[in-house]
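Look for chain A in each of the two complexes below; its partner is chain B in the first and chain C in the second.
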Partner chain A sequence: MTGSTTLTRRVRQLCLGLLGVLLLAALWDLYKAFGPEAGVTVGEQTLVLPRTTDLAMPHTWEMLQRLTEPVTSARDAPSALSAVLDASGFTLGIAARGWLIGVVVGLVLALLMSRFRTAESALLPWVVLSQTVPLIAIAPLVRRWGSALSFGGFEWTSEHSVSVIAAYLAFFPVAVGALRGLKSPDRTHVDLMTAYGVGWWRSLVSLRLPSSVPFLLPALRLSAASAVIGTVVAEVSISLRGGIGRMVVEFAQSAGGDPAKAWAPIFGAVLVGLVAAGAVGLLGLALRPFALTEPVR
Partner chain B sequence: MRAMTSAAIQVTGVHRVFTRKKDQVVALDDVDLTVGAGEFVSLIGPSGCGKSTLLRLVADLDAPTSGSIQVFGKPARQARLDQDYGIAFQQAGLLPWRTVSGNIELPLALHGYPKADRRSRAAELLELVGLSDFAQHHPDQLSGGMQQRVAIARALAERPRLLLMDEPFGALDEMTRERMQNELVRICAETGAAVLFVTHSIPEAVFLSDRVVVMSPRPGRIVDVVAVQAGGLGPSQDRTDAVRDAESFFHSVARVRELLHGAPAPGARGVEAR
Partner chain C sequence: MTRTPRPGTHRARPWLTLSATVAALALSLSSCGSGDSGGSDSGGSADSGLRPVTLQLQWVAQAQFAGYYAALDQGYYADEGLDVEIVEGGPDIVPQDVLAAGDVDYAISWVPKVLGSIEQGAGITDVAQIFERSATTQVSFKDKDITSPADFAGKNVGSWGYGNEWELFAGMQKDGVELGDINLVQQAFDMNALLAGDIDVAQAMTYNEYAQVLETVNPDTGELYQPEDLNVVDWNDIGTAMLQDAIWAQSAELDDPAYADQTVAFIKASIKGWVYARDNAQEAADIVTAAGSQLGTSHQLWMTNEVNKLIWPSTDGVGLVDQAAWDQTVDIAMATKNETGATIITEAPPETAYSNEYVEKALKALRTEGVDVDGAGYTPIEVTLNEGGN
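Now for the complex of A and B:
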């Protein structure tokens, strides 16, 4: 409960996390050193563990080293690291916009559904159904509809399309989580608000929103992860240059001559995910007073 | 008309039928009840006889199928909007993210009282329920009995002339319960509020009340009313622990028990109910 114990717990968690990463790297290189060249197969055909050639499994240190080398053989090419960081920043920006849109849309839907029972029965099935449509299918649609939009000086770009697709994935956990949260106050609390004669809006602010926080926080985290995945996949399917998504595809094409290079954007994707999770974690800290458990009764 | 407005609660010919699909549950059947200003009345009866339903109707948390309910001479809905009553439930129902003091201030904050007034009123009430040292604690740091006392303080925040309490001590152990009963007697004496009190405990009902209303289930009806005060225990505001050993206390307890267990002649219903 006190500050110092939380700090030591945090530090321990961090150390354990790092240890896990190191362990994974060690496992990788140990298998590469001692595993059979042709990989491990079951029966005739099925490969269950990869080949250990440098092509299939570059050394972990080669992957890291590759980051410091120039990204292409061009004269003034930046280092692979800075190229990956640029792409990560680009992707993170789009994902953040998508996440924000998704959170707003999700919250509005949840508010509507908790306010009007008809809205819930009309909307909820569609909300759930929306997530069964594969991203690849909606990406071209979003781009086509978006480019048909024009108002004022606003011009629809591929970046907007990618944000919208990220939002399409991100809104779902928020809508469902917030709806559960808004409905979570027990009857005593709801009766109390009625007895105080306060309207829907006041009871939303003083009761429903605060009690939805414990449901909202995991939903926000999930939706941040969805936004990142949505952004990367949409970048690929819309062929938007500049982000991690395209970079994964482009670098994979050079994997034949430069196997370590293909791993650089993957580290970038992990980085984007970590930053997104961290940002939501900070939000969670700010909302912690409301994440208290119910009092014992 | 004057006589009617002087009553805290006036329930006349109230029915409440719950309909779910094809099932009909008659929760209350032709209930008449009057609670005078400053009077302490308990509702007692087996589980499912409609005690909570009746209390919720008075609080306008639910509407009667037929019949009328007046609180201080106004329709129940108007009384609710005017904040004429304070209410406490079996579950304390404190907001976990608010401090103890913040919870007591909640109704005041919702009704726009200035901050300084809220603070001083909360301090006063914490003093009354003996929790001054816990003002800045959160509900999850309190025992069940302490939470319940906070809930009662919250119900008293706007100095209501009527308190509605649905088994507020139901989850407490016997010792805490008796202490809370003594405190409630003291609080009622200090505030002069009328109380409608739902309980499952016969001694609790007798100890606290001027009158005990005994109910029967399916359909929920008032079987009879035991006039504890008239039975020799004196007004409810003056009760002390000594009352628990008084002969008239045992007499009233026995009478209530008899009404609860033995089915009285149907003709008796309603005669004494007023």
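Now for the complex of A and C:
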């Protein structure tokens, strides 16, 4: 494979990606233009396709244009775009911290569980169970417990609470994925290690960790997505100021009078998700050489 | 398993790439994380000699709480020796629970919502009934011809639920409309369901959702909707209004003279803030916007003005709990059944549920200072709403 063909492939991928976005926008506006005004309902009231009114579906260009206009008519109000970008950066920062905590906790748990059978039997059910607790139930609790904490010069803020909640969602895919990865080496390879009399640490570094990479990559990506969702939902839940979540709630107020505005934070959320996935993708590229096997395509 | 060696990958290089990637990612993330951390409105420092006090709101910063933000901005709290931090609420924050858990010193909440918490053991006291009137209404478009709860029968009736529905249920009960007679629809934060016709008669606070409708362009006229286009069922007129925003304190702590004094000081400064909001509606709205509210400027001013109408003119002085209004709230809370047949409370609340002791002291001090705490001559301002509230 030569460099130039790689480049062509990248350009083609980029074009296809852009085309996908354009297609989505076209689909939106085509449906808006030709779809029934009252939407498509099944039975009495179940709406399966949305209404096409300006209220329910603003034109794509209106939504884009709204981004360039000031958020409010206050004198020093920034443009909606810059407000959304600020909020996206804020949310991304918190999500990244949550993701990092989640990944560390997930990896430690996976290592523990792969090392000790008892740990696996004891922990795995709880790990799975932890994900069935609704986020909106734990968010206010975490905030309240956290606000009671302060040690040294460190003071717990709502931002930390949101990070912890993001981590709570993010650790799960890593714990489960890494555990599967760590247990993935063939029996024969493990036996070989045992036959050589190699200790647990050594076989971890040279056999188990490398063979877990193909499992780890999708887990990391999944956990990045979870961290973003956790951050946005927790931001809504405890109304942390500065992020996308709070913006969604606040802009929803103007959904009637200024329908395009309510969509602005949605674009921000998409952006945060894309950047998070991209960053983990980069990390994956750097991790790939460590893998014993090529990741399954 | 097959090991596929990658040609040209030296063992040292992947480590280099990995650490470089991690470092680059960490750098870029730390830069966006530290952007703005507009968390709380923490006032001064502890060494300023002021007593730190936290106030939990029941929603995010908006003109509904203009008086508290004005008192903070104008230094009224500091004048009373208090370093007040205003903690914003959110969809899942229950102010009375936060207060009962001792995480904050005071909280703003509606009386009916708190009565349920008190019956379940929350030891908190209404020490100042800031809003005298209820702001909850049910609005509908004129062509639906819904002018009283009796007309709700057979209609799609919107409500936010979560304790916001009791005046509606009580009003219907009064007119002999059963819950089974209406189709109760869960309402969202916006008024689109009313505008789209999914809801015939929607719940609306005079200071918020009602304005949201008036900020929307009427497709038939090309102009904004006008008050003449709407019918409003006002629970104050129907007689099923319940007491809303009040300042709540921890009952047990009130026995502590220091906390009791602090409560009087806090109420005094808060009322002064509301007086400021009455006399300077535009400035008060700007203070709230500066405190981080994302509401549009005309919407913010509208909200300030409407909230002022709930307080001023005050019958006996702002914050006094009116026995008759309290009893009406308690009666409705005990007698009105929701869709599951439950009532808010099953027995009368304890004596500690409200107290006029502290607000009376505050009002006395304010009157001595010559502050007009009755607002007998209050007249609301005229607010012109812009499209989208901007």
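Going forward, the second predicted complex is superposed on the first by the 282 of 297 C-alpha atoms of A that agree within 3 Å, B and C clash if a C-alpha of one lies under 4 Å from a C-alpha of the other, contacts with A are read in each partner's own complex, and residues count from 1 in each chain.
Keep in mind that, in the parts below, a contact is a pair of C-beta atoms (placed from the backbone, for glycine too) under 8 Å apart; a residue touches a chain by one contact, two chains touch by 3 or more.
Only a predicted model underlies this, so the values are computations on that prediction, with no experimental measurement involved.
S.K.: For A:43 in the superposed arrangement: first (chain B), second (chain C), both or neither?
M.R.: neither
S.K.: Just chain B (first), just chain C (second), both, or neither: which does A:207 touch?
M.R.: Touch partner of A:207: chain B, not chain C.
S.K.: Of the partners chain B and chain C, which touch A:97 in the superposed model: first, second, both, neither?
M.R.: A:97 sits against chain C, while chain B stays out of touch.
S.K.: By the touch definition at the top of the document, which applies to A:147: first (chain B), second (chain C), both, or neither?
M.R.: second
S.K.: Between chain B (first) and chain C (second), which does A:239 come into contact with in this model arrangement: first, second, both, or neither?
M.R.: Touch partner of A:239: chain C, not chain B.
S.K.: When the two structures are overlaid on chain A, which partner does A:191 contact: first (chain B), second (chain C), both, or neither?
M.R.: It touches chain B, and chain C stays clear.
S.K.: Look at the residues of chain A and decide whether chain B or chain C touches more of them.
M.R.: Touched residues of chain A are more numerous for C.
S.K.: If I apply the document's touch criterion, which positions on chain A are contacted by chain B in one structure and by chain C in the other?
M.R.: On chain A, the residues that contact chain B in one structure and chain C in the other are 186, 189, 211, 289-290, 292-294.
S.K.: Considering the complex alone, what residue numbers of chain C touch chain A?
M.R.: Residue positions touching the partner: 1-4, 6, 9, 13-14, 17-18, 20-22, 25, 28-30, 32-40, 59-60, 88-94, 98, 101, 103, 188-192, 195-196, 208, 212-213, 215-217, 224, 289, 292, 294-299, 386-390.
S.K.: Given the complex with chain C, which residues does chain A contribute to the contact?
M.R.: Touch list, chain A to chain C: 51, 53, 55-56, 71-74, 86, 89-90, 92-94, 96-97, 136, 139-140, 143-144, 147-148, 157-159, 185-186, 189, 211, 236-242, 246-247, 249-258, 261-262, 279, 282-283, 285-287, 289-290, 292-294.
S.K.: How about chain A: which of its residues touch chain B in the complex?
M.R.: Residues of chain A touching chain B: 186, 188-189, 191-192, 194-198, 202, 206-207, 210-211, 289-290, 292-297.
S.K.: Taking the touch rule as given, give the residues of chain B at its contact with chain A in the complex, in rising order.
M.R.: 56, 59-61, 80-81, 83, 85, 87, 89, 91-97, 106-107, 109-111, 138-140, 142, 144, 147, 171
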